[in-house]
Structures are given as structure tokens and as C-alpha cells.
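So that you can tell them apart, the chains are marked A, B, C, D, E and F in the order they are listed, and the count of residues begins at 1 in each.
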Amino acid sequence: MILDIIVPVSTDIWNKEVELEAEKIKSPGIQVRVTSLTKGPVSIESEYDEAFASPCVISQAEELEMNGSNGVVIYCFGEPGLHACKEKLSVPVVGLREAAVSMAKILGDRIGVISTIKSAVPRHVRALKHEVHKVVAVDMPVLDFVNVRELEKRIEMKIQELINYGCDVIVLGCGSMLNIDIKRMQNEYGIPIVIPLDAAVAVCEYLMKNNLKQSKLTYPFPPVKEIK
Amino acid sequence: MILDIIVPVSTDIWNKEVELEAEKIKSPGIQVRVTSLTKGPVSIESEYDEAFASPCVISQAEELEMNGSNGVVIYCFGEPGLHACKEKLSVPVVGLREAAVSMAKILGDRIGVISTIKSAVPRHVRALKHEVHKVVAVDMPVLDFVNVRELEKRIEMKIQELINYGCDVIVLGCGSMLNIDIKRMQNEYGIPIVIPLDAAVAVCEYLMKNNLKQSKLTYPFPPVKEIK
Amino acid sequence: MILDIIVPVSTDIWNKEVELEAEKIKSPGIQVRVTSLTKGPVSIESEYDEAFASPCVISQAEELEMNGSNGVVIYCFGEPGLHACKEKLSVPVVGLREAAVSMAKILGDRIGVISTIKSAVPRHVRALKHEVHKVVAVDMPVLDFVNVRELEKRIEMKIQELINYGCDVIVLGCGSMLNIDIKRMQNEYGIPIVIPLDAAVAVCEYLMKNNLKQSKLTYPFPPVKEIK
Amino acid sequence: MILDIIVPVSTDIWNKEVELEAEKIKSPGIQVRVTSLTKGPVSIESEYDEAFASPCVISQAEELEMNGSNGVVIYCFGEPGLHACKEKLSVPVVGLREAAVSMAKILGDRIGVISTIKSAVPRHVRALKHEVHKVVAVDMPVLDFVNVRELEKRIEMKIQELINYGCDVIVLGCGSMLNIDIKRMQNEYGIPIVIPLDAAVAVCEYLMKNNLKQSKLTYPFPPVKEIK
Amino acid sequence: MILDIIVPVSTDIWNKEVELEAEKIKSPGIQVRVTSLTKGPVSIESEYDEAFASPCVISQAEELEMNGSNGVVIYCFGEPGLHACKEKLSVPVVGLREAAVSMAKILGDRIGVISTIKSAVPRHVRALKHEVHKVVAVDMPVLDFVNVRELEKRIEMKIQELINYGCDVIVLGCGSMLNIDIKRMQNEYGIPIVIPLDAAVAVCEYLMKNNLKQSKLTYPFPPVKEIK
Amino acid sequence: MILDIIVPVSTDIWNKEVELEAEKIKSPGIQVRVTSLTKGPVSIESEYDEAFASPCVISQAEELEMNGSNGVVIYCFGEPGLHACKEKLSVPVVGLREAAVSMAKILGDRIGVISTIKSAVPRHVRALKHEVHKVVAVDMPVLDFVNVRELEKRIEMKIQELINYGCDVIVLGCGSMLNIDIKRMQNEYGIPIVIPLDAAVAVCEYLMKNNLKQSKLTYPFPPVKEIK
């Protein structure tokens, strides 16, 4: 069975690392394919970016389904094109945000999300307002995350801030927060930290193995029509 | 002051009528411009359609702003690209759904929405679940609405169904339900019926005249970046 | 068409200014009439005041309807008599609070309201608890608002406090906060500020022009009976 | 200690029976005084009626407090003047609706309320929407409740209707549903039925005996001012 | 009529005082019996403690019912076994938490609860999240409450903290906070303070006197079966 | 790594089948141990049953943890002892209900749960009221589920009933609904059906593999104390 991870940006700089991480956690019978986009924004930090990424994500997902995909993860906390893909595809489609938040809710009651730049926060608040306790930002653009040490330092500051605010579970609110020493932080701060990649792969594998996909009563196939 | 109405489909068959209606209700100092898209789907009946329409709507809105727009209405109950436009533009942007529902809530407590095809219902339910009491469908594709008599007949059936279900205000859940004899239906069924065009023009004019626009604290300008 | 503004206090000191403001924003075909009460409290700062103002407001509204009114605005954020008027009258009736909050919700997600004296806050919190993010007070009795400079200074302090608290839209929570330089404050603090007069006139005109009024399914005519 | 029951209508036809019922359930150390109004509507079946009753209720409550009252019950499910009395008085004030619904919530999860005329329903729905499961009406004006047999028959029909709708507790939604054989109905329909008089007397006695009253942080004394 | 108070711990050190307090507030026709458990934890400060206390509480309640009980109060804010007792018994069963919070909601809008040790807080937050504004802890184990002066000092600190946080009513969140000078604190801090014993006795007496018990539609008798 | 499944009843008739099912879906590195209780009720169909099962579940879970467990599933939709185990254990603990509902919410918006006997429904409604759309019962005691054909027939009737009611995802609300041909039903009724065993094993494996467990900020270790 093939599990596809679409990194919904027009750069492949994250693909290798995402693939390495996914390989570590996937089940034996599952083959992981990681692809990014040829068109669209280079990173997703606003609803504007999401809107321009969405049609590219959908087209990619449709193509992957034709090429044997058994399940698709949209590898971005903003989940561009998620609902449209749930409508269009016959295989399960999972977003980072819904998977991470669902798993986090089993671990505690007041979820704190750590996002990227400050202006990325309001759209997650809008999407999650009944689901999470607080969303904060490391205040770094996604493309600067290659500076892992600085990112790690800021994530730790935000973990402490969220604990002080009453949160009991942390969710990393971006797919590009990679190579972070989460195990150490969990021990040091005494709080579970959900990495969205792990949550999304677990949820997608579960759906694939159990013959489940999004309900077509709620995500009906879109009517076929002309798109100019 | 120029109020722009973007009909977010790749056909101009609705433009003339929308313009005529808007001319009737707009205030004297306001000039209405109605445009549709050159690219994108011919109608919006799914999140899939919305995703393909959104980038075209945004580009159009950006261009209209450069051409002197003072306010933009996205003329579709699905509101493709609305939040992205609220981020990107410096003038107020208003969607049919938010305007119609806001006005309806002043008139009553349990709003019933009449949508197009059955498969269009779930996405409106998802968007409005805490806001409205019930969403139903006339079960006609948008492009068949040129058959006004049939549409009118079905709308009346749905009004009765929504009243029986306990609704106290009706909202027409599509911008293309035009030429309907709403005045007669209001009298006959004894229930207020909100036409989204009227609501959106009123809200947008209000914002334009009073120097208001979406909060940049919640809809910050998107970071400038490469979009391939 | 006649739009009536009832200033629900037993003093006419605000009428002239309200009329001047309303004249500026009303549409050409609309005639504005501003009246206050001959009986009742001189200002509305508690549910106690509201209870004594309500029957006077209702009687006034009934009389104005007989004298050709096409729509009524109850010009107080506490909205004394609003629901009873919605029951009794056949023309649309709009309160400052519902109009301002409805418009504010289109501009952002976390509304901050600025009220008058501290003891006026709890009743607005009770009425708006699911609708707004925070209610604060300038801590000045309404009748001291003639000291506009002091009022302006305190409003600015409260705007900053509400922004720090996470609000993204400000609503002035009293009809008597007049002659304030809102345009400057909006620019300086980078946040939209909704003036309830403007919102209520826009909503009421919209309803009047589009032949809409409160649903009689939810605001049925009260049974005729003896009132001693 | 004196417990005052204000029947907020301008007729004393209910006073004797209310007093007899209250005498049965009150505690030994408590003296019950039942009064009605000299002004105001003869029955309360709308927000219109409530608005005209409210100032009379408040004045009466103020006078009773001066005459030694230790606690006041406003004997109407619409609770005219309740919040204003909570502000103005220094002794506890309790409404029928809040007392009955609070007690009912201890007995079950889905409360069904039986109201008077059909047009009385929407205002209770508005007040209780997050608190109760369903409000229905016996479709009889309050002043016809002297026909006890007919009233009883209709109440039984509504109990069955509410059980079928999924309710697990019944609340009689009017103070004038007197002389009903509730004990028999409870046994016959297997559902607890809350009589608002009993609940309100229990709550008010509890507050009086334990030196409790409404929080002045939320119901502050109204500012003293001129009321013309 | 016999009102039973079960102190759900395997120590009888609280029984005498609870009985004395209950004797002061109970109505004349009511006989109060106070019992504790012979098995189970010595205090209840976690869901773990509650789980081990629950079967003992239920067995005790069943036995008391056979011995003529007319109503049962489970004398712990954690309410171990409450819902199971509501299923199993034919007489009313009331928990401290539900009674105290129901009464508090009549007094104000934002309830603050004062609990015992810090680790006892999260389970009350989970149980009450939609009902109360804030839960804090005096940070003392229940068995140290015999040090009444220290307890009193810490309760006062927490009252001030809860008022600063916006609470308008205080609920003592433990049955063992006895001998506290509540009357003085109410006057000094100007906020109502609900003692759960008083609330639970009032609610239970009300149910007993009025022939009410938990709805069997929602708390059906458990199916009879083998328990090894 | 060892994943323990506790079937919280005092019979081992389900163990073999649960083990067979779990073996099919577990990941290669995971060893599954299935145990039931030696004490407690033979089936769980009420809060009464849950209360008597809980301490036995907790003791068993503590023992399994000492015997090398890396994660525990409480194999009952009523989840007896779940929160207490989350407090007491240092390894992740997962209940059937929370796992199944979390996964179902990724598949749709309106979850329908199929429970056992009618009197088992209210407690699930109470636990899930904000999470699911409807709970119904096959009206068979758990111990009759060995009659698989009858169970299957009744499940199909309930699936149709839930679809008619507007549900878009089905959750089997009992661990003992085994050997049902879910794959056929999914195809026939066009709706995803979540089997709680599969969901709970997936969630528990995810937590085990990713070094996650319930937050100790919300499920703190219970204070050590005497339990008689």
C-alpha cells in the first residue's frame, strides 16, 4: 500500500527529511512517497498562500490517486486543499492539523499550538477556536527553520509560555519544524509534544489498513464541470 | 466610490442581472462594477470548485483594487477566496454568506438556508453549523436556474419545509437565485427572506462610507514571497 | 421613508447631535426623526434604568409607527424595550448593540466593547457573553460625556487595553460617545472601531429598503389585553 | 423571616391559591406574603407584557424590602423585572424560571418546558436556548386556566409529546398552572415534573437561611438618578 | 423523613461536625443520618481515589435505602458513585458539586471554585468546564484541614485571587472545609460564598418534600447481573 | 513493546476473539496481551456496572504496568477506570470511546453511535453530548451478542436509522460487537463504520511508538494514601 505525503510548496527542500522521518515511523507494509509541488507558493504562511497552493495540491492528489495511491497526507498545518481533496478522491485524505489535534485531545484538555510567523496565528485560531486553548508563534519565517538551533530555542520559550498559560499538551503547528529534539523537551518540560507528521502518518495508516475513508455523505464527489 | 462585485465563475451570464439588481439598491454616491472570471469553474457547487476559483478571485480582486475599488463583494454563497482577499486587500471585502447570515440574525433566531444541489449542502453546514438552524437544497444545478418558474416552485416548497422545521428566517443560499418573487413569498409564508445580494451591498456600502475594513490584526497582509 | 431614532432617556440634550450625525450618513430617500422620552430615567446605566425606560420606549415607538414610521432605532447600547417593540410593531426595529456587534463580527473575530461606568459592564457581559471577547468601561457616567477630551483620552486607554487583551475590533458601547475622533484612533491603533449609530442606521435602512422586518414567528404580536 | 411572593399581574385572582400552596411547602420559621400588582398587565404572555409589568414589580419589591422582606420570589416564568430587582435590592431575589430550571437540571439532562399560549414560546426559547431541550405550549391563555380539567388534559398531552421528543424532565412553564394532579402524572408518565412555585420557594428559603444573595459584583446597585 | 449524608471516606473524623452543621440547617420534619465508609480511601483527592470509593458508596447507599432513607447526599465535591447511585436508587441522590454549582449560578455568572491540593484541580475543571469560570486550590491535603486557621488564611487568599480573575461567586470545593467563618468573609470581600453542605441539604430536602427524584429515563435501573 | 488490552469484565469469553482481531491489525514490533478481570460485573451496561468494574480495572492495569506493559487499552465503550488509570500509570492508557470518536471525527461531521441495550444509551449521551450526533441501541444485552446473525441484522437497521437522521459516520459503541461483516455494510450503506478495537489499537500504538502518554499536568499521579 502506498501512502502519499504531499508537501504543498513549490520547493523540494523539505522532501528528503520528511521522507526520512516517515520511513522511521511507517509500518512495514506501507510504502511512503513524498512529493512537493511544481507550482504554487514556496511556503504557506497565510490564507493567501493556501489559496494559491490549493488547486496545485488537488491536481497533484488526483494524479497520485491515478498512480496507485492508497492514502494521502497533506503535509501542512494550514491544510491547503484538504476538503476539496476529501471530496474528489476515493482514498483517505488527512491533514496535519486535524490529525495532530485529534491525537492531542486524547492526551489532555488544553492544547497549545506553536506556529511560525506571528501573522500565521490568526488563521489557525479561526480554524481551531473551539478545539485548542492557545496558539502562539516562534516568530520565524518557515524558510529560516534551517537554522535549527535558533528554532529549537524559540520552541522551548513557547513551550514554557504555553504551560504558564495553562496548556497541558503541545502541538507543533508546522510541518517544517524538523530535527527538533522533542524527546528531551518532553522530559524537561514534563508535557507531551505532538509532532504532526507522526500523528498524520498514524491516522492515515489506520484508515488505509481498515478500509476507511472520509464519508461521501459529507464530502460528496464534486459535480463534473468545465474549469477554464 | 466604486463597489466591485466579483461573480466568481468563468461565465458572464449572471453579470447583467446582478448589475441591474445592484443598481436598484445601491446608494447614489456608489458606482457598481460587476465582473466575472476568465478562468476557473463555470459554477461553484463544491469545495473543489471553490478551490479552483479562489486564486482567480484573488487576482481579480487585487487588480480591481489597483483600478480604484473602494470595496469588494465576492458574489457567491461559498465565498471562494474571501479570507485571502481580506488579508491581501486594503479595502473592505465582504462575502454573500457572512453578510446574509449577519442580517438574518437580526431578524430572528433560527435561520434556514436554501442551497442549490444536494451535494452543495454539507460544505455550508460545515461553515455555518453554529450560526444556522438548517440547510436544505432545491436540488437543481446552478446553471438550470434560468428556468425561473421551476426554481421558484422549489424554493416555495423549501420555505414551507424550513418553517415546519422551526426556522423563523429564510436566507437564499446562492447568488444566482435571481428574478424570484420574494415579496410575494414573504407575504404568503409570513417569514422574512434575506436575499444575499441586498445584504452584501448594504454591508459593503456601510463599511465603505464609514471608513471601515477587515481588522488587520486578524487578517494581516500575507508575507510577500515567490509564487511559481 | 421615515427612520425614527428613539433616544430612550428623559432628556433631549443628545438629540441634536444624534440628528446631525445621522444626517451625514443616511441615504437620500430617508428622512430621519430623532426623539427622546418625556418620562423615564435621564440616562441608562443599569438593568434598573432599562426597566423604567422600556414601557416609555414602547409607547413612543407605537406612536411613531402610527405617525408614519418605516423603521425604528432604539438609540442605546442597553436596548431598553427592543424585543417588546419587535413584537408590537409592524416595521423593523433595531437596537444599537445588535447592529454594532453584527457589523463588528464581519470585521474580525474578537470584539472588544467600551462601556460607560464600571457597574454598567456586567449587564452587557450577560447579554453578549457568547458574542464578544471583552467588555471594559471608561469609568465615566454618561452625563459627563460632554467633557469630550477626557472621554477621548479614556477611550484611547481602553482601546490599547483591549488590543493587549487580544481584541481585533472595537465597538463603542454607548450611543452618547459622540464627537470622538474615531478616524484618527483607527489609524493610530490600527484597529477598526464600530460606532453604533452608523451600524444601526445602515442596518435599519437595509431592512426598510428591502421590505424586511423581524420575524413574526419569533416576535409574534402580543395578545391584546388590559394594562392597568 | 419574611418571604415575599410577587405575582406580577394587576389581578389578585391567583394570590389565595399561591399562598395556600406556599404555606404547604414553606419551612416553619418562614412567613409567606403574597401580593400582586395594582398597575400593569392582567397576565404575562409576551415580552411586551413583561416590559409593562417590570417597573411595577420593581417598585413593589422596593416597598416590600422596606417593609421587612428577607427574600423575594417573582412569581412568573417570564420573570419581569428580575435582573433589575437583583440590582436594586439587598435581599435575595429569585425568579420562577431560574429556580425551576436549576432544580430540573439536577434531575436529568433534557428539560421540556410546558408554556401557555403558542406565542409565549419564542421568548422562553430565547431565554433558555442553551438550558432546555424543548419548549411547547398548551395553547390556552393564562386567564382560562381556571378551567383546570381542560388544562390538565392538555398538560398530559404535552408531557407525552415531550417524552417522545427525548425530554427526561418536565418543567411547568407558568406560575398559574395550579391545582394540577402532578403526583398522578409523575407516576403515570414516569418522569419528574418540576412545579416552579416549589422550586422557587426552596431556592429562596435556602438563600435566606444561609445569608446569601445575588452577587453585587454582577448585580451592582444602580446609580441613583432622576426618573421622570 | 430520613436524609442520609454519606461521607465517602474510610474515616469517621468528619461525621460529627457534618452532623452538627446539618442539624443547624435541616427542616424540622427531617432526620439527618451521617455515615462514612468502612472501606475505601481515607480522603478523595483524585479520580483514582474516586474510583476506589465508588463501589463502597453505592453499597452503602443501597443499604441506607433499605433502611428507610428518603434521600441521599454524597458528601464529596468529587461525587464518587453519584451517577451509579442515581441509577440504582429509587430515592433522590444529590452530589455536593451539582448542588453547590446549581445554587451558585442563581447568584452570579462566573463561579470560582476553591479546591484542596493542586493535583485535585484538573478533574474538577474537566467536570465543570462549561459551568464555572475558574478552579484554584488552597494547596493543602484534606487531612490537614484540621488546622482551621491556616485553611482559613489560604481560603481568603484564594477568594481575592478569584475576584481579581473576574469571578462573582465563590464555591467551596470540598466537603471538609468546615468551621470557616464564611459570614465574615462574605462581608469583607463582598462576594457570596456557597457552602456545599448547605446547598446539598437544601436541594435534597426540596426533592424529598416534593416527591421528586432523578429521571429514570436518564438514570434507568441497571440490569440485574452477576458481580463477582 | 507490549500493548495490553483489558476486557473489563469478569468473564474471558471475549478474550480469544479480541486477541485474534488485534493480532490482525497490530504492527510487527508490538506484542498484544489480552486479559479480563477475575472480579467485577460480567458485562458493562450501566454506570453502576462501570463503578464496580473500575477498581478492578485499575488494579489490573497497575499490575500489567509492573509486568512490562508499554500501553493499555481499556476494552469497553464505557471506559471504566480510564481517567484513574491515566492518573496512576506512566504508560499511555486509551479507551475505546475516545479512540473511536477521535478517528470518526476525521471522517465526517455527525457521528452516530450504535450501543447495546436501550438503558445503556443515556450514559453515552451524557459522555459524548458535544461530540456525537445521535446514540441508538440494538436493544440486545451484550451477552446475547453470541447470536451474531441477529446482532448483524439489528446493526443494519440502526445504520439506516442513523443515516436517515443525518449521521455521516457510524461508530460501533461496544467492544463485543465482533465478527460483524463491516466491509459489506460499508459498501451497502455507503457510510464509514468505525470499529473501536481498530481505532484504539491504532491510537495506542501511535502513542507507544512516539513516546507519548497522557499529560501529567492534567492527569497527575494520585497522592499516595491508605485505602482500606
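We adopt the following convention: a residue touches a chain if its C-beta (ideal position, glycine included) is under 8 Å from a C-beta of that chain, and two chains touch if they have at least 3 such contacts.
Remember, predicted model here, so these are calculated numbers, not experimental data.
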item	value
Chain D and chain B - chains in contact with each	C, F
Selected interface, E-F versus B-F, where C-beta contact pairs are more numerous	E-F
Interface composition of copies chain C and chain D: same or different, split at half	same
Inter-centroid spacing, chain E versus chain B (mean Cα positions, whole Å)	53
Approximate Å spacing (C-alpha centroids) for the pair chain D, chain E	27
Whole-Å gap separating chain C and chain E, where each centre is the average of the chain's CA atoms	44
Sites on chain A at which at least two other chains make contact	109, 122, 126, 168, 217-219
Overall pattern in which the protein chains touch one another (line/ring/star/complete/other)	other
Chain pairs that touch, as defined at the top of this document	A-B, A-C, A-E, A-F, B-C, B-D, B-F, C-D, C-E, D-E, D-F, E-F
Complex contacts: residues of chain E adjacent to chain D	25, 27-28, 94, 98-99, 102-103, 105-110, 163, 168-169, 183, 186, 190-192, 194-195, 198-199, 202-203, 205-207, 209-219
Complex contact set, residues of chain C against chain E	122, 125-126, 129
For the chain D and chain C complex, residues of the former touching the latter	10, 37-43, 45-52, 54-55, 58, 81, 83-84, 86-88, 117-119, 122-123, 126, 141, 217-223, 225-228
Chain F residues within the chain B interface of the complex	109, 168
